[in-house]
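Down below are the structures I want you to see.
Shared chain: chain A. Partners: chain B in the first complex, chain C in the second.
Let's turn to the complex of A and B:
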């Protein structure tokens, strides 16, 4: 009988396979590592850690957008308004800074505006039972239109605090540096991962994606959660807008056109099911990094045209959607 | 004598003169219901009698138009299911209302997870779920994903969730429809334990035997009205059925009538055997669903498939219809050279029809009208380029609405507004309109009321008489035996017997399945 325990342990080690639900994320991770590996072999300097850190910096705003989008998609919804929301946020920030408002107030106003837009769409979706696609499509046009009310032309941001944050970075051992905006984005990812995994709100988000009628009959706070995810997506879009304003140091109505689709693509590549209920924020982070790596590839190569980015994204999204189908069908 | 001295316990829930109206339909008409602690209270009635509405009125899904609900003697009106749960009234619905993408433990404790500073204590949660499951004798890993388990286990988890809320009132709405005999026995054990702990249990079921086994008291509903409250011990099944359907002997006569016709048909069974087979399968099988099986169907014959849940009943029908592609074997259909069916499309083209057991997911288009639902099959077999002329549509629909007694008799109503029994009739009509040679019926009478059940059974008899070949699958052995000319018994995904249905009793079938002389205990279990 004394043999039982050790064999049990050994068998456990031998059998170790990651739970099914982590497979898509692990797939994305493997893809990302693979792409970096290939890049490192093909191009000189590609494997330098600074390339990776710059990748984070260049895509900080997209990471934040993808985080918000993950909440929405996990409930089975979609948010098409985030790109326009980013543009609106850059404009509000640029215009209010131009008017000389204090930086803290500016940030507060931008975040509030974005969150309100998200909340309004969430209320429409929940209480009037409007398709998320339609409600957020309306939000997308509305936000884009509001941009032109503020200014038709691009407004430069000359505020010193903004510039300081934009160019500021923390130095890592080995002389590498990581931009502040990237740090913000990673903190957001961490908070979101915690909320989704370990809070009642987070688990209700998954439950909603699993089956909304069931969630209702189980007595879960469906209304709060559903409106909540759109509010979070709106908040993340506004925060992404601030990061984008820092990245470009300008506010412009034509910023971030189609960026909502990049965010959705990143979430899908990150392994989140579009039907909801399955996926992780970390996956979305990896999704953004994969998208960013494609661009890095193209800039390192120099001979490839930039439209290869789009083609590769298209192929990747297709592959991942098909893989998800296969995985979920088998289980 | 001692009982008389004890004052009767105060009802936990008392509903008085509750009425609910949907549009012009009076779903509940002055309904009263008393639930006493430590009592299993059966809610009986045909489909559409108002059982579900009554439950939803009590649990805050619907708001009541008039009347009063007292909980512990205090007038209460729950605005949401959550409010009812907080007051200790938990419900387990017929369709499992949990989320498949989360773990068993999460499903049990969702909304009530143990937390510290807002953080869910996952280990504590798993431990607590494991304890509750163990207390109920359910052997499931709490960290496994709910969707990875069969429906029956999910149902038990749903009950565990409801029990775990320290419910003082536990409402079980058709909890046994997806459970097999063993699981029903286990559920009853759990119910008895809870009854001893003074929980008031509401039990809704179409299985009369189960009601008589477990319930103490029952309230019978018909057409949204209470037609009686009885103690189970003082009531016979016949009385109950009479109260439920209100047409007392009429329906029962019809069942006898149907049985008689089958008996007559049996005598001519030999003649049928000499007829040409309309469909014959040789070694038809599919990995993981059914071992190689031979089966021949003749015109004018009803073949009954008997077997327990998971025996391969449904799988056989799906293979015959091409809904699942067979790995092995050949299928020859009269007038067709194709050796295997790769899709339902091929089956339909060869005049096969299949009514799935999963009416909701695989049959009904809830948003479409009754007429559209009925004509889908015909339209599909005509091809989309040849629309059915409006006049033909109207005639066909009217004809079948009358023939199958579909109510309400308005073909323009959306399908979802019909009761389960009537939806089933519409699905039958869908296939009958295409005039199939072979009709595969998988559990056509499950979850529907006795009236509609009898009508469908009668229909099967009539169709076979007219020369159709019918495969009839049902979990109720008595029903299979009553209707079929030939009996096929499946066990563990294998055909273990096939014989003409002459002088076979339920007990005989049980002997075949269990491989041993069936005692009374087994008989009861499968009847249930």
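Let's turn to the complex of A and C:
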């Protein structure tokens, strides 16, 4: 790594150069605005604020998942289990509601189960030196297996409280409305952003991602933090699962297959380095919004086939990864 | 290292047992053996292999045949992992290979001819080489971490496969193509022969030439290897192409087995099974030393497990649960930290540990 700062390139673009660490997030933001702009020009009704609000509602669960994933990836780890954890959460919720448990208990049980799964994986990773990839892979299989044990078939959720939350929304000035689940997801983003930016735990997460041996030598609580991020990811996955259950009003073992990939893609597009140590939760939120916009694009167009979503996501991940590579090489 | 204590025959026996215990394939083989025993208890005729219509039939033959795709992918994956890499895109590559071959056969005027099948297979494998070149390019030239570089194709690949098939489940009727999965040669299933053939060829190439050592040196320290004159870039590029080729072959076998290709589900999670097989086989994800034989055992363990679950009367869907347990157990037993804990216990076999010895163990 060279110590001398590179000159030119950025300075040539304009006088104003934002702090380098915000560049990836700003890039994602620009991409999102650009996509929305292009959509607004091409399709009638695309630029309507309600489209944006619906985007938040449709992706509320993914936003929460991406928040948890951001914590894990910031420490340089990865969590493959979140998709299965979502499916498990929807099933636990649906099954316990079917048995007539009170809603508060159901929510508590789901969140506890997800957090426990995350914690168990964190313990395996930290205390037995099992690679995050393998430990969370085991968690992924475990959660899917448990799903099938609970029920092979889809279970509908008929609980009134759940339906009320699912369809509830707040009305914004101008007659626009925002679903409760979307508000919820945004609150989670806010809390996570605060935790990462201004708490001891959050700063330790960044330190761990920067260099684990250094963090250890500095006397930072490495064990608690490392297990903690997986617990947080498990908690977020369970919460995402609840939001997904609200979104689909059902529990099914085949829900959310491959959703971990979407979450990882959103985090990468949001500018978080997969090697850890750099990134922001807000970036992940923007990443999810970009993914959602692609889907909105395709549904507005009508002539594009659904598989273009996946191809576009792949291309975006590629572009961002290459950009990251170029940026980190220069710094 | 010669140990003065192991002079007597009993001691030698114990030393031998100890060495077997410490061998990195001991636990996977023990798990495989245990699974087979469970099967025999559940179905006493489990080991029976009979010849019918000139083919070998039996559960063991089925296991090898059904395990062929995972074994193929695991062989390629072993070499990639040995270079400190990982290839997440193999499932998507398998889907693309199946899609290309099936669509070619369906579109061709002579869709039942053997020649069509051969051209289709060749085309599909050529596409796989191109995909492998792409992965290798991202990893070795651009220098992106393997897990992310191959994530790109993992995400986009299924979209590409759907683009090829037009989102339809493409069904083919071609006997030559179907023979890839259900055919028999010299009483043995063709799929198993292909997988074992690739295994044997790879084993010979990496162990009888310097290639295996070069791959390990790149995995242990890419920079030092480069300085020592090893062309690490070319080697890394080669292993990704090889992995894609293996994945493509596996995809063709899966497509041939169902006479159709569903771009969404073909080879779904096969990358995870393959990585699992490699890890069970004792190859470290950190790169360096690798064991193809270990991956073979790992792949067979997974295939046997898949077969065991319905055999002992548990719904086949619970398979994931057991896979998770196997992963955790094997990884714990191979983890140096867990081994250290086990050995500390093992060193004091006489009776329950006294308080003082427990203190020592803690210290």
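Everything that follows uses one rule, which is that the second predicted complex is superposed on the first by the 315 of 331 C-alpha atoms of A that agree within 3 Å, B and C clash if a C-alpha of one lies under 4 Å from a C-alpha of the other, contacts with A are read in each partner's own complex, and residues count from 1 in each chain.
As a working rule, contacts are C-beta pairs under 8 Å (C-beta built on N, C-alpha and C of every residue); 3 or more make two chains touch, one makes a residue touch a chain.
Since this is a predicted model, take the numbers as computed values, not measurements.
Q: Now for A:307: first (chain B), second (chain C), both, or neither, which partner does it touch?
A: The answer is second: A:307 touches chain C but not chain B.
Q: Check the residue A:278 against both partner chains and state whether it touches chain B (first), chain C (second), both, or neither.
A: The first partner, chain B, only.
Q: In the overlay, answer first, second, both or neither for which of chain B and chain C A:109 touches.
A: Touch partners of A:109: none, neither chain B nor chain C.
Q: Quick check for you: in the superposed arrangement, does A:131 touch first (chain B), second (chain C), both or neither?
A: second
Q: Could you say whether A:327 touches chain B, chain C, both of them, or neither, answering first, second, both or neither?
A: Once the two structures are laid over each other on A, A:327 reaches no partner at all.
Q: Which partner, chain B or chain C, is in contact with more residues of chain A?
A: C
Q: Who does A:183 touch here: chain B (first), chain C (second), both, or neither?
A: neither
Q: With the two structures laid over each other on chain A, which partner does A:150 touch: chain B (first), chain C (second), both, or neither?
A: neither
Q: In their complex, what parts of chain A are in touch with chain C?
A: 78, 80, 124, 127-131, 133-135, 137-142, 144-146, 148-149, 152, 253, 257, 261, 264-265, 268, 274-275, 305-311, 313-315, 317-318, 321-322, 325, 329
Q: Within the complex, which stretch of chain B touches chain A?
A: Contact set of chain B toward chain A: 61, 80-86, 91, 93, 96-102, 106, 110-111, 113, 115, 118-120, 122, 145, 147-148, 161.
Q: Please give the residue numbers of chain A that touch chain B in the complex, ascending.
A: Its residues touching chain B are 20-21, 198-200, 203-204, 206-207, 209-211, 213-221, 277-278, 331.
Q: Touching chain A in the complex: which residues of chain C?
A: Interface residues on chain C, with respect to chain A: 86, 138, 142-145, 147-149, 151-160, 162-163, 167, 263, 268, 272, 275-276, 279, 285-286, 315, 317-325, 327-328, 331-332, 335-338.
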